[in-house]
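Okay, so chain A shows up in both of these, paired with chain B first and chain C after.
Then we have the complex of A and B:
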């Protein structure tokens, strides 16, 4: 027994030595590189959106570096990102944030994908006073915790589908509507739900189905069966990419007729490509659409961004990629205005951010959320077998009229 | 005999000094070291069931998650209305003062040890009559059910998750939080180890072993097996609850299925670590957890995207080549070092018989 214990001690000391020699960490700024850190979901339930996020980051890093980089105190620097895979798990994300900061010496962070993971990382970055610009954590509760180093380029989650309810009420002649809703059990989707609850209260609408869906969302037939029975005016579904795909698949299989279907994550799920005509008329909340008229000097317009992105990665950029790219633009702008690598100077510069990017205007509210950019709604519309997302609200950018109500399945070819 | 004890003393004091010095020696690795302590605790307590008693449980994650929610709820609930803290959206901001924070976590940890132990007693009374894989499957269900239930309870944040109180802002030292949680988990590790070591020298262990080797015979010998099985499980739950409470505070965010009742990861890891090191031994789970943690932290990021494949391969390799774990393998190779004497004559006789 004792020899074994000795062996164990030897083993521990060997590891100890290895660790000590390994602790030579990176610096926040290495040579000509500004090192940013990010934990991204490359595996697990958020892996597809995690990759969209990473592509967005990479695209912006390449572009900014190519166009001269970041100028601080007269010297040009380039961005570099250290990635880790958080496995879509908050526990892992918090641990990796700690690792990025303590072991890799990262002084500036980019956000992960999803509100839940951002919630797990924010306490860590806050503790070490590390500015984090995040592009994929929209949960409202992120912005009410008094975080000082958290900046989000996107609109809060509760705003996602409020507009849709307003639209439904408008179509109903200003009278309240009957809402059926089903949301995944996660921080983001539950916040979207809160937005709907608020909107329902405001418009005097009634919620007749209020279901919770499991996290690995592959089946919502029970909810849809109820919808078939009680015939609501609006069906609202939110559950990230899987939620959107599952909803369309089962609605078309079960031939569920609802006058209006409002969802999130349609573009990330590539609904119009994957499900084609089956997804027609679905109404989707989005942070961004390529047809919007915002511009910046790095990516040009949204359309140009979409084209370049398509060339680079082979698919149309969902808003998750666009907002991720925008996060880098915000960082660049803040570094240049701070003209320093001091974390607090950068943080103060971030507070004063007021800029336009191809993704939209960015200005941070007191909680760190972006207050300068509205949400948009688009509807999937098809010409023949070719389906596309068309912006229908707000009217300023609407390219198409909102089609209402959705024809019955029996009338759809 | 005296001599061996002295050696033990040197070993243990060496390890304790190493443990106490670790956060200063490897300041950057504090969080990983904290994880390591917690992982060892989980592996050791699992070993009490799976290794000593022969009851392979997947349910210990239940106590871990329970401890996590309890500690956080009490830490908040003692000073602020819990419902408003966890309310989705959470419009109000509450801030713990330094003394509130530590009082809260102290009381919380106490409760998170006792309540899971009581619950283990109650559940154990109901299901410890099951044996073998029936018990394993039943406990697997416990963890999953708990996760789904917790995901529906509004007062602990439901699907939104529960942000645990941030470390008091009045403590300016950014290292303080890491040190606090490290020493807390290290104390837990030492406590658990001493307890398990005590059990190893007691009649209680022999009874657990008797249950593992032949429960019917043990019963026939007049041992009230049910009673001992329940007490054994309660002991595990006690330490699992504490481990969960510490982890909740460290992670800072509790999600029902991904962090608290995380059977897919923690629940499997604790079994894996104990088996890797060698179940049914005192040092096995410690070595298993340490190796596993280093494997995970070291290799995980090098093979981005393939880490779970590597983990799967690791499981297969362990089960195929080290079915008795590292300690079991060493024991077979160097039995004399474990104090086992091989009677050469007897061995030869057996070989000839075959």
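Then we have the complex of A and C:
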């Protein structure tokens, strides 16, 4: 090889090297793409909700890209997401967040599924000052740590069932009620419990049973037998899908009569489908329902979103998907207002977010939680064997009247 | 601590009945474990996951529109072959080895089963509906789901059938002979390889029955197998190997213990109490053994 050829090879390799380092250091925006990163549970125990989350993200990316993308400094960009499977494992999620940031050069993150995993990732994004918009971590403790780069489009967990206690008190003529409650021992459910404790204090209600359900449990017969013995005005259960399904199964089998039953995770558990009529009158907390009248220009209304989602993925969207789609709308809005790809500028724009999406109004409180959207309650109602969820609170969005008290089992056919 | 149960005698009745019915189901799973532990000297960590797989089989036929109670016949047949295959693939390689190796191997099987079930059936919690209704006693103050009564009845039925089979049939005699002394059985013409495979298959079949019963009484999820393994391990530890009446009594005892722990200590300590009891029993056994000189090595 002569000298000139050697020089040429060196020159070419130098240029290639420079190009490689150039593209990786600007990996946050590659050509016309804004690259977002997300660790998500595609396998393991959260895999079904992980997939709902991913579908929600993908649906919004497609829609935003199709409708012109994101305009920053007069140029149109499209969204692209790098996904990694965190195997429903918090340690793995934290590792993957590091990898997304350090190796893939991602500068903007979307949240994983569940409070536990969000808690694992948040310290990492905070360390590298990466803005993260998350849609599936509702635990109150996420918003009390003073995180500056974490933004959640959903209402915090302690608000889930507070409304239910207010409703019970209202039905009791404004007087305090007797509450029996059973909560799983995980971050999310314990936060729901704190909300109930606050509500009880505020309304002068009394908590007469306060059981904690272990994670492995699928039998709550003892709790329910106690409920039968002490006759509370309202029974509150929160233990993810397992808690909801176990509760309805055993309440119906043990013929436990309570005037009001409030739960979480009814739609994720497909309660009305799996238990049919037995689940009738159960009151369920939800972040979103397709019948709400919020609107935006990307998805139109909730009903339209549900229709499009059904067409694309073949099932009715659970709220996990809707809130995930909303996270992308928030990012788009923030990029355009920041008119820059500077992380801190985007972060500052996120702080000032105030918008309406099909999922609800979004405005972030000082801790990063969404303070503009109330939780809703729906009640399972059946016609024959056909059961559906109808919104009963808050009254502004209610499509149906709240049925109270629940008829006794002896009177139910 | 909650002493509500002592104030309301009906709760005591409720707790006892719930405990006994549940305990009988546990005893069936433990019986399978005792059988293959006794014959093959293998502690099967995947026991609970076999139970859950059996439950998913029943749930699948329920989705096809067949009443899930048929699961107690279909599920054990399928599970027998699953057990047989599992033996041929993995267990026969660890059967004469150190106990630790078999624990590791079955632990591996447990993880693979969990992931496979998650992959095939999804991570959602599911239930099958038996629509059996409820038996009400003492003016509706004690309620017994008929599905629980059904599951206890089926468990007893299968246990009795198995005992008779072990006594009367040729395979049963071969299994008992192998359990007593594998080498002697082999010399006398028993195909121990086949006996081992059949034993593991029978154990899996028992798990299949239990799983089908759990699908109509409790809930199914790919990752809830471990508590069933621990419970059956514990029942076997207390009852000893090859002692069926003791397994039954110890199963019901555990069911009662769990229910009462739930009422008195609180639901959060229910499974914890089982683990604690396990540790106490192991320590007690160790203590008793150390008193006997012949066990000292």
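For this structure, a couple of remarks:
Simple rule for what comes next: the second predicted complex is superposed on the first by the 385 of 413 C-alpha atoms of A that agree within 3 Å, B and C clash if a C-alpha of one lies under 4 Å from a C-alpha of the other, contacts with A are read in each partner's own complex, and residues count from 1 in each chain.
Operating definition for what follows: a residue touches a chain if its C-beta (ideal position, glycine included) is under 8 Å from a C-beta of that chain, and two chains touch if they have at least 3 such contacts.
Keep in mind that this is a model prediction, so the values were computed, not measured.
In the superposition on chain A, A:91 makes contact with chain B only, not with chain C. Of the two partner chains placed by the overlay, only chain B lies in contact with A:187; chain C stays clear of it.
With both complexes superposed, B is the one of chain B and chain C in contact with more chain A residues.
Once the two complexes are laid over each other on the shared chain, residue contacts for A:220 go to chain C alone; chain B is not touched. By the touch criterion defined above, A:211 lies against chain C but remains apart from chain B after alignment on the C-alpha atoms of chain A. Look at A:126: by the touch rule set out above, it reaches chain B but stays clear of chain C.
Applying the stated contact rule after C-alpha superposition, one finds that A:43 touches each of chain B and chain C. Residues 43, 88, 185, 212, 214 of chain A contact both chain B in one complex and chain C in the other. Taken together, the chain A residues at the contact with chain B in this complex read 1-6, 8-9, 11-12, 15-16, 19-20, 23, 25, 42-43, 83-85, 87-91, 94-95, 98-99, 102-103, 116, 119-120, 123-124, 126-129, 139-141, 144-146, 158, 183-187, 189-191, 193-194, 212, 214-215.
Residues of chain B that touch chain A in their complex: 4, 7-8, 11, 14-15, 18, 25-32, 35, 88-93, 95, 148, 151-152, 158-161, 163, 166-167, 174, 177, 247, 250-253, 255-259, 262, 265, 283, 286-287, 290, 294, 300-301, 304-305, 307-308, 327, 330, 334, 337-339. The residues of chain A lying in touch with chain C in their complex are 43-49, 88, 182, 185, 211-214, 216-223, 225-226, 228-230, 240-242, 245-246, 249-250, 253-255, 269-270, 274-276, 410. Within the complex formed with chain A, the chain C residues making contact are 2, 4, 8, 10-11, 14-15, 18, 22, 115, 118-119, 122-127, 129, 134, 136, 140-141, 143, 145, 147, 218-219, 221-224, 226-227, 259, 262-263, 266-268, 270-272.
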